[in-house]
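As structure tokens, here come the structures.
Two complexes, one shared chain (subunit A), two partners (subunit B, subunit C).
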Partner chain A sequence: MKQILYDKAAPAANSILSVISAFVVGGVILLFIGKNPFTLYGQLFLQGMGSSLGVIETIIKMAPLLMVSAGLLVAFSGGLWNLGVEGQFLMGAILTGWLAPKLVPFLSLPVYFITLGGIGFAGGMIWALLPAILKARYNLNEIIITLMMNYVALNLVTWMVKGPINDLSVVPAQTKLIPMTHRMPMIPFTRIHLGLIIGLIVIIGVYWIIRRTTMGYQIRVLFANKRAAIHTGMNVKRIIVWSLLTSGGFSGLAGAIDVLAIKGLFQGGWNPMYGITCIPLVFLARLNGWAVIPLSYFFSFLVVGGEFVARDQGVPVFFVHVLEGLMLLSFAAGEHIGKGRVT
Partner chain B sequence: MNNQPLIRLKAITKRFKGVIANDAVDFDLYPGEVHTLLGENGAGKSTLMHILSGLVQPDSGSIEIRGESVNIRSPYDSLRHGIGMVYQHFALVPNLTVIENIILGFEEGLILNRKRTESVLKQIFKEFELSLPLDEKISNLSVGERQRVEIAKALFHRSDVLILDEPTSVLTPIESEELFNTVFSMRRMGKAVVFITHKLKETIGISDRISILKLGKKVAEMSGEDLRQVGEEEGYRRIFDVMFDNTQLPKDTTTIKRSSEEMPILELDQVVCLGNFGEMRLKKLSLKLNKGEIFGIAGVDGNGQKELAEILAGQRKVVSGRLILDGNDITHEEGAGTRTDLGISYITDDRMQEGCALSMSVAENSILRLFKRPPFSRRKIMNKANINRHAEALIREFDIKVSGPDVDVGTLSGGNIQKILLARELSLHPKVLVCNKPTQGLDAKTTRYVKDRLQQESVRGTAVLFISSDLDELLSCSDRIGVLYDGELLDIVNRCDANRENIGKLMLGIRQ
Partner chain C sequence: MLFEEALFVTVLASTLRGSMPMLLAALGETYAESAGILNLGIEGMMVAGAFASFLVGLQTNMVPLGFLGAAIIGAVLGGIIGFLVIGLRLNQIVVGLGMTVFTSAFCNLLHRIIFGSQFPMLWGAGMTTEIPVLSKIPIIGQPLFNQHWLVYVTLALVPVLYFLLYRTSLGLRIRAVGETPWAADASGVNVYGIRYLTIILAGVLASTGGAFLAIGDLAFFIPDMVKGRGYIAIVVVMLGRWNPIKVFLGSLLFGFALSLTSALQVAGLKVSPDFILTMPYLVVILTLIIIAKSTSLPAALCVPYKRGE
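Let's look at the complex of A and B:
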């Protein structure tokens, strides 16, 4: 019995320890740049978790994190390291920002939302298509290609928003504003938009697909042993393409929803960098969909709280990304040490 | 011959997990000598050479080099003592050129003195009758040329001892001749060569001395000169007598001879296929497999066994020729999944790396080929309860030692993993079962079990293609034995006519 408890608790323990040690190392870094870590962390928690504004903002920001994490979950479960979620997110976002105002006069609200969700999803898929084909057909390293595609996407959307799809009636480079009547509705009696519900459904749905369907099973076999997958007659190329496209699609969907719910348009230079947040998140969750939910809350809190603190304390916003990176590092270290001990 | 041996191994003993690989083996090597190591798979040849090249440390025994007692703790130590090893799988960098590979790790100083290196190499090439394009990338070279690069590398580093591990298994006959010329010039120059091989003809042809290992023990040492003098036939016989106890096999009375009428189920017609490097591995191989028979494929490893299994399993393409199953041409119905559906099952020889997913559970591994079929999944949704029930039934039926279907396969022993593979393939009720070395590395009890299951399967009417490099095993359970040598089926021998000697000769490429 004790053994079973230990087996179940040990993975979570490593994730929690990684978070703690990231805060400790981050504190040391803060000391070096002349900031008091205790006041800073104190403020972080106070404003991020202690104020209603902080809590609500945190919950709102969970929506894209959940969707991007769901996409990563599909790819990572198959051992496909899709690091291109930022580019896929931007493609979903810009297509939505561009097409939404055009669709407003023609579609009823439900159809309008479903269509734009589909467009966002397709945008992400398009951006994952090239790496997927190159990986499946020529076994080229998807890490590098997806990562590089981010920079292409960033420049492409900047060019588009400054040129072909620029709203010329305003000065900043941006697309036409989506009318308030056509923004993402709120969850009744709150100011939290429906994206949170969609995000929760998506992450749980994806996790169910991975564990319970034949496609998910094949993805997991691909991760465990590609040669065994081929040996037992699985269509490995199809699995690779399918999971990378799906992975990109959910990032694109996150982009669409952020545009529809928060921004109302696509703005030049906008890049929330959810990839950097979600990659450590999914690892800390150990590819477990249920664990993604509380971790999304925590990472969202870090981002929101980090913004507050940055303003007050004069610490760069990027400090939160430093913390996230440190978590991933300590997690990897913990896994390594754990492996040595257990076996 | 010099009186001082270059290398002397004394009473080397090495155990792996209780299995004895080398049992008090003495081995010495004089300058200007070609010393051949013979023995069946698992006789301990590789272990002995790994000890010499520093990959493995002996449990006891001593190593002397030029009369001094030494410890060889790593391959680097071994190189420093002037021992060069040419492996079956070459250790070259494909993206670098020949000359870059040769100097790799041995540059003197930071800057490559190309002129000097080149002139040294030219000298070596001349002395040892080698020829190589210096500026060609390794990836553009043939297997034979790559081997020459390895040899040139060892000579460039002034190795006095060269270990060649089955060097001719990857070579064409002409390339082999060229290699022997190089070996002869090494002998002339006072270098010593250890030659590991399975082929008797070349053993007698080039050896000064021959050591024969059997079950980890050195059982004989012969002079190559003597064998050449008594003639080829008598030479073979002398080696055979030592390598295989030339006793008659006990007549197996337990198995009932199945119906004598032939009902072919699978036919290979002039099949040609290529290996991983584009070399021809099966050369117009034709074979008929009958319902309910166990057809043994004998042969030394690397003569096309793996490729034969893979073309049947649909994992490798047939270049020309036809495969006919039950009267239907299935040559172009490729892919492992398609062949499974057609009724061909395949137990791979690489059970850990290919046969299963070690980090997944027994249940998940048991349905690797079946997951798309009901009751394991319906409308693409898996049914965990049915999968577990299936796995539990297999665990009981095949007596797999595991606490439950949720346990990861990686935690099981090799024998139990093999049982999972066997269970998985047999649960498909195949028409044809291809198994490649299904008892390799298993203990006696599990070996017995696997063989019994294959027998039962054949009695049920399944045609079993039983590939093995273990001759005894083939003789004990095959109805017919085909001998695969260099991609060709040299002969097919009926069980009653087969014995160690005639099959053994065929395995070494000698036709009657």
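Let's look at the complex of A and C:
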């Protein structure tokens, strides 16, 4: 990770080339499955970027990507592999879906939203707590633990939504519907909900903290040289715990906002798998918060356009994940070629 | 008495069966890690193996060819990962993640294109082979000696792979490459060759493990059927400390955790299967906490090797 991310030699070029080469390899795969890549990519851009529906949907979908990416930015900046964003997202989402209808009669709207945002954030933090403590206390590899926490979360939320917190009045396993009056408000004169603004504030705020504050500096030192961090008397354990908790918190917040703005409830089996999208995204952004914004637009466009194309052209949505995996691989390869790298 | 016997037999049989995919993957991972490669692509390899075996088996209508197809795909994927992390010396974690995302998504894509939303069965898959005489032993006969043929092969592989890694000069070379690649190189060991060999072996075994899941234990493929077993295999290797025999015991532990669902149904306990399904992963985390202090990784794990540095 060290070699990959803090190389300033060719900042944007490699990211752009990674996207292009992923599209090229993806095109070969399309040929292989008997689809015309030019038609498909043409439709993808036409519908995803060329239609107002596509553009609006893309902008709406940016909100969770910005928040999850902000969380990953914190963790990756400290060299911590938080691969558990899916679980953290689900915990934030299910707590919100469960508690929001209960809070409706008691709280005024602003307090209600702030409370639920806090609940979502807390849900994500809770799910990052165990990996964080194990990493700080025993230096246990967070990769496996966070991945395992994802599988625990997936099964746990299915269990919760089928049993303890089920809305018994409807057949599908889901929580009670949040009334329309208590959904996330829209940005005036648009049908884009406020999550976008929150996401933009979060990513810029997080990036500012990482680049401009003592705490952020300490996180970066931890990444660059853990031994040096310990020797300069930094409380490394505390930094590890708080970076991972904050990282989980933002994923949980994304879950809360998706429930409050888009879904209106938590459904069994719902898992948008933002991790698969946001990990390549944050890599391509080279841990730069400003670069995350246009890339969020681009990845959101891929997801939205991919859904449109899946319906029209018969290329399943999984194709977008194929492209995302390829981007990650070609980004890693590009770093190597760009530098003629010596380990 | 009859009830307890039925429970015991079910648990024993499904533990053994359930541990096979992880055991196969973990045996391969033992070799790769011993030679210094952490293979996070293992999860994707298992998905690919499961899908390839099912597809080939269904197309040719011959189940054994399915296993062959999986092994070939596994070797190819191992070769690709090898090229990226040995040849190009890319970051093993990023490559592993990228490969897992790519291969899983690619299999899901092909599955949706070929089968739509249908999940056909592969007839003739999942058949067990009864070993004469031994299977007639009361109680333990059926669960132990009436299993799929791959179970017997895998069990036989455990001592063979142990012997190869710890009692032969090839095994010594593999371990040398994982600990001090420069020293191994200086004494004439082909570091790159050994690493390629182990990652390809890891691919073959992981994909075969995936194949066992799809057409050995069951007879169909569903896209998310691997459910983290590849990652669990990595934990099994840590638990077994790169010793195939201990790796076998470790995978039995997780096989047991996975078999709890069917066991509790037999026992007639009304616990939600979704809740029980969190158990294997919690057992993994618990295991990691317990072994936390005693794990030491091969010194050159995750470190690419370049001559003359």
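Everything below uses one rule, namely that the second predicted complex is superposed on the first by the 331 of 343 C-alpha atoms of A that agree within 3 Å, B and C clash if a C-alpha of one lies under 4 Å from a C-alpha of the other, contacts with A are read in each partner's own complex, and residues count from 1 in each chain.
Definition applied: contacts are C-beta pairs under 8 Å (C-beta built on N, C-alpha and C of every residue); 3 or more make two chains touch, one makes a residue touch a chain.
The model shown is predicted, which means the values in this text are computed figures rather than measured ones.
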Which superposed partner A:N155 touches (first subunit B, second subunit C, both, neither): second
Partner chain in contact with A:I192 - subunit B first, subunit C second, else both or neither: neither
Greater subunit A contact set [subunit C / subunit B]: C
Touching partner for A:L134 - first (subunit B), second (subunit C), both, neither: second
Partner chain(s) touched by A:V322 [first = subunit B, second = subunit C, both, neither]: second
Touching partner for A:V104 - first (subunit B), second (subunit C), both, neither: neither
Which of subunit B and subunit C A:A224 touches, first, second, both or neither: first
Partner chain in contact with A:W81 - subunit B first, subunit C second, else both or neither: second
Partner chain in contact with A:L177 - subunit B first, subunit C second, else both or neither: neither
Touching partner for A:T214 - first (subunit B), second (subunit C), both, neither: first
Complex interface listing, subunit B residues touching subunit A: 313-315, 335-340, 346, 348, 350, 353-360, 364, 368-369, 371-372, 377, 380-382, 384
Of all residues in subunit A, those that touch subunit C in their complex: 1, 3-4, 29, 33, 81, 83, 130, 134, 138-140, 143-145, 147-152, 155-156, 158-159, 162-163, 276, 279-280, 283, 314-316, 318-322, 324-326, 328-329, 331-333, 335-336, 341-343
Interface residues, subunit A side, partner subunit B - complex: 212-215, 217-218, 220-221, 224-225, 227-228, 230-235
Partner subunit A, residues of subunit C touching it in the complex: 40, 84, 88-91, 93-95, 97-106, 108-110, 112-113, 227-228, 231-232, 234-235, 272, 274-275, 277-278, 281-282, 284-285, 288-289, 292-293, 303-304, 306, 309
